[in-house]
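First chain written, first letter: the chains are A, B, C and D, and each begins at residue 1.
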Amino acid sequence: MTKVAVLGATGMVGQRFVQLLENHPWFETVCLAASDASKGKQYGPAGNWVLDTEMPEFAGGMAVSGCTAKEVADSGAELAFSALPSDVALRVEKELAAAGIGVVSKAAAHRMDADVPLLIPEVNPEHIGLIEAQRQNRNWAGFISSDPNCSTCQLALALKPLQQFGPQQIIVTTMQAVSGAGFPGVPSLAIQNNAIPFINGEEEKMEMELAKMLGTLENGAVRHANMEVIASCNRVNTQEGHLESVAIEFADRPSLADIAQALEQFRGAPQQLGLPTAPTQPIVVRAEPDRPQPRKDWSAGNGMSVTVGRLRQKGSYTLFSCLASNTIRGAAGNGILHAELLHKRGYI
Amino acid sequence: MTKVAVLGATGMVGQRFVQLLENHPWFETVCLAASDASKGKQYGPAGNWVLDTEMPEFAGGMAVSGCTAKEVADSGAELAFSALPSDVALRVEKELAAAGIGVVSKAAAHRMDADVPLLIPEVNPEHIGLIEAQRQNRNWAGFISSDPNCSTCQLALALKPLQQFGPQQIIVTTMQAVSGAGFPGVPSLAIQNNAIPFINGEEEKMEMELAKMLGTLENGAVRHANMEVIASCNRVNTQEGHLESVAIEFADRPSLADIAQALEQFRGAPQQLGLPTAPTQPIVVRAEPDRPQPRKDWSAGNGMSVTVGRLRQKGSYTLFSCLASNTIRGAAGNGILHAELLHKRGYI
Amino acid sequence: MTKVAVLGATGMVGQRFVQLLENHPWFETVCLAASDASKGKQYGPAGNWVLDTEMPEFAGGMAVSGCTAKEVADSGAELAFSALPSDVALRVEKELAAAGIGVVSKAAAHRMDADVPLLIPEVNPEHIGLIEAQRQNRNWAGFISSDPNCSTCQLALALKPLQQFGPQQIIVTTMQAVSGAGFPGVPSLAIQNNAIPFINGEEEKMEMELAKMLGTLENGAVRHANMEVIASCNRVNTQEGHLESVAIEFADRPSLADIAQALEQFRGAPQQLGLPTAPTQPIVVRAEPDRPQPRKDWSAGNGMSVTVGRLRQKGSYTLFSCLASNTIRGAAGNGILHAELLHKRGYI
Amino acid sequence: MTKVAVLGATGMVGQRFVQLLENHPWFETVCLAASDASKGKQYGPAGNWVLDTEMPEFAGGMAVSGCTAKEVADSGAELAFSALPSDVALRVEKELAAAGIGVVSKAAAHRMDADVPLLIPEVNPEHIGLIEAQRQNRNWAGFISSDPNCSTCQLALALKPLQQFGPQQIIVTTMQAVSGAGFPGVPSLAIQNNAIPFINGEEEKMEMELAKMLGTLENGAVRHANMEVIASCNRVNTQEGHLESVAIEFADRPSLADIAQALEQFRGAPQQLGLPTAPTQPIVVRAEPDRPQPRKDWSAGNGMSVTVGRLRQKGSYTLFSCLASNTIRGAAGNGILHAELLHKRGYI
């Protein structure tokens, strides 16, 4: 068993990590780290558990650790899942990597660094190779490997098998769940009976991160994909599962049948390697006229599958709606699958 | 005072008509008509009032009439506001028009008929001229003039002052309120903590109706506007106010300042004529990063103004969000303004 | 395997029956019956599936049957779970019983009949004995045995182990979920951002049914329990899990510790008999200050356990909050457990 | 015009004060005070306006003041409306009173002090007399007069005209809106599709404050009313308007007609004095079976009236539901009416 830590363990995404790490076949959670406010307390009371399922038994009695490299290393953890706020991540994650710990980070802090992989195991497993350069550049025994933004992750996954058709322009409008803002996150008074056409920084993240993840590794660096991405991000009053309306113009004008087949038959490295957290089918295509829906489809593939529906054409555009769990595939679940790939490839 | 009837008076839109007709300076409501199930009952109990404000006093004690031409004509009504279901409207509205009654209809039944105006008073007041041809074609003493679909109405209004810049492609994703489906409409079990990426027939309506309303009257017929409209319609859990994310490619590439100015300074026939229901400012532009929001902006201009926000550019596209009350500007309020224009122009 | 039918299979509770009967170890579903509107269609399309989980595979392709005794008997079903509307149940259920079919009914139609058991297997299993009298009275080869109202069921279960302390007055205020009204049920426009202090007939049901279920079987008849029940029923905007605030005055003034122990240690016939659908612990007591909560506790014991929290005393009253799934323990789940008891006792 | 300050002006209740003070005929707002984080900024940006209506024009450009007695006194304010957090109020309000400023406080800090009025102008206007004792005891030129807790305020108002019938036991279950917790207050993730059977300290406040407000002023002190109050407080997912289910046992067993008449005909000091913020009818009784409802009734009497419905009897108990706006009658509106009474009586 590889010993792992969760940083930011008391937050929303941290709790998802704790939940998904229960009974993991390869990883043993030895350290739950959080801010100084919680440090030293038992995780049970400190964790302010917000998920609907019960807190895993292993976690409740663990003492919350601080987030310094020393404290994490002292726990014996070789790998740290980071759900830290970006400003804290910027400071802490480098220290951990320097101290020989592998960091799989959900924070935005290092996502666009040229030598940091921004990884979805089904989409760009080869980007893992950036770690070599990173270690050399930064003289680190450990490493940092980033998870993408939640609304970007599901779209990148849906686009991967369609890249062969030459996507040139992608216009996406998101309807994002409140869990994407963490806990306490969005006040009920702000979002009940309402929708908010703005999420700070989200559109820029979608536009930049998609290009990096769909880019190619060439000579040890990522060449970003060349396509126009135009995002409009909205918050709606759902709890889990970002719904996205997508319009794509492809160079090759594939038929709807070609697209549906490419989506359904897509399998990536996690499926080929049989990674424990890999969904059997990364992309589920639904034929009903009114799917995907957040409440019905967020948990497809245990929250690891993207559901695509309403596939249709209009003029030169291919249109569809897509949805995945933003806290599982869009955060902690992708992070764990990501770590499983790193483990399989010998990075940890 | 012109005597008016409301057809479909017990439904959601019918109730808005009743609400807005209270104390109208030109129109006196003499007939509340509904299906046979309610006929003969008092409107108060039969109406199953769902609006948050109290039912107007004048309405509660009126006896509900049937919807036949004879019954409506017997009430003395010269004008009928129709909020009938489309299949009923298809049958009833022609009879009324033949019987000499002017029908302002919210039903989809006749919207795309070549000789029926599809009217937003600020957008295409000149289309009213189709009524001459209609009367001749159909040998009617009365007429039918249609109101557009709710999600289309607000977008057409926002586009009108931008038509000068040559819109070529319009990609719109809607987040529509449940009141758009009437009452009882959307079950709480279907939409709570959910969003539904489909509204039957809505995308087609947006695509067809926009082109007609933004078209030009030439030789007594409407030449539809030549532009590509791509709509994706979603239901979200809000009560009132459809939010729309819009991306437009203009031939003339206007600056954001030009666009903002055109929107803010736009005034149409209702403002010039001082019609009673006309909002002072048909389009309100907000500079805050997170507006328009349904709960905060649906009632702008007493529900008759469209709010536009998040104006920005990305590549060759101009992006914005827009919102208006779907049951006032998008239904009954536009219908009454529409009737005021007809009255001013001598059609009733 | 005992062959069973579901009557009213396309409704909300009917769907829960279908869901819970998948892979049942004793019961094989051979008939899905519904109104004439669905008759003859495949259940998949006709069923208009509203539950968040996928429809069980066995059901999708079955042809929907009519609800007559002949049609149900022809399917080979020995037992019918009825989720029919009460007026239909009143007509149909007797025919089935006369035709030799056992009916476990969720309908209110026969609940208060003196010779019909109103059954919660943990609460009053001995009431099953009424079936003898019923068969004799009515000359039936089959029988009718009723499930209680959903808000009553969970309260009766919580009260059972406290009956030893002599409850004299029970004042209960409910906050009931929209699924209690079926599908389509409560319109979003009616309940969003709202609460409704009235559910037609609900308070009377709670007051009457509690007394019957907590009554004793004496000489082949139920002597109703002697206690005052005062109910105020409210609809709130939750999907599943009725929350109830309860104040009870006990003759014996038990301590909170006595009450907590009685609740937690309570086990009934289903637990003793090891019935397949029996929860290990019928009543879960939570010590946190803010439980039970609908979203967190509705699925306790797979929806078959009642959660009790906020146990406290004030003056001569014992106070607590309780909650259970209204469509599982409060409807289909209790019905199946009920049938398991009947099966074990040889009635089917 | 009397110059007034609002303390805690950037919070939820503070914003209601600012909203309701716009164009007040007697009070001129000269000081908007908040915590050091906002001090010196313009109120517009600092205020983070959350109400659905637009921020009053007068407020947007005012500089936010600190909350010290010196800063408030320097503004010229003679009266301060305090919407401060209780711990801050405990420190600040005494300084203001000592400095000669009258404080009408929404904070819980001083509500139960024996020489501080806890005032609802229609309920216990004579308690204002405590101010004499207070000034003498504390050697203050100013004073502190408290507003009650929001869920208590509406119940006290509904009970006032019923006190003549000898209420002995009051059992109340509340369903409270999220605005009662301020802003940001309750996270959407906590309350969406949920209800929470606990609000910290609320039940104790209801039990204590009711007895004080319904008590009698005897020899310069309040003798608390002698009645048992048992409260169970729940948070539900509504925005405004606490709904309460109430069961009362009266010594005199009044008829429902007597009760309805007493409620409807009740008028208090504000109505008799014609205070500007006084509702015409403090208590509105509705005969419909399903009222009051938060969304439909919260704004009765501009948010200053309590709506009572579902009046009925069961055993020895009189039952009803009541509701009022928790941020207007339950907070800022009562505070302003309270100040109007103080003004009329010469205290400011």
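By definition in this document, contacts are C-beta pairs under 8 Å (C-beta built on N, C-alpha and C of every residue); 3 or more make two chains touch, one makes a residue touch a chain.
It should be emphasised that the depicted structure is a prediction, and the values quoted were computed from it without experimental measurement.
Ranked by separation of Cα centres from chain C, the top chain is B.
The interface with the greater number of C-beta contacts, when A-C is set against C-D, is C-D. Rounded to a whole number, the gap between the C-alpha centres of chain A and chain C is 42 angstrom. Chain A and chain D, compared by their mean Cα positions, are separated by 47 Å.
Once the centre of each chain is set as its mean CA position, chain C and chain D turn out to be 42 Å apart.
For chain B, the set of residues touching two or more other chains reads 192-193, 237, 239, 295-296.
For chain B in complex with chain D, the residues that touch the partner chain are 52, 192-193, 295-296.
The touching residues of chain A, counted against chain B in their complex, run 171, 173, 175, 193-198, 200, 228, 230, 232, 234, 236-239, 243, 245, 247, 289-296, 309-310, 314-315, 317, 319, 321.
Residues 12, 50, 178-179, 183-193, 237, 239 of chain A are the ones that touch chain D when the two sit in their complex.
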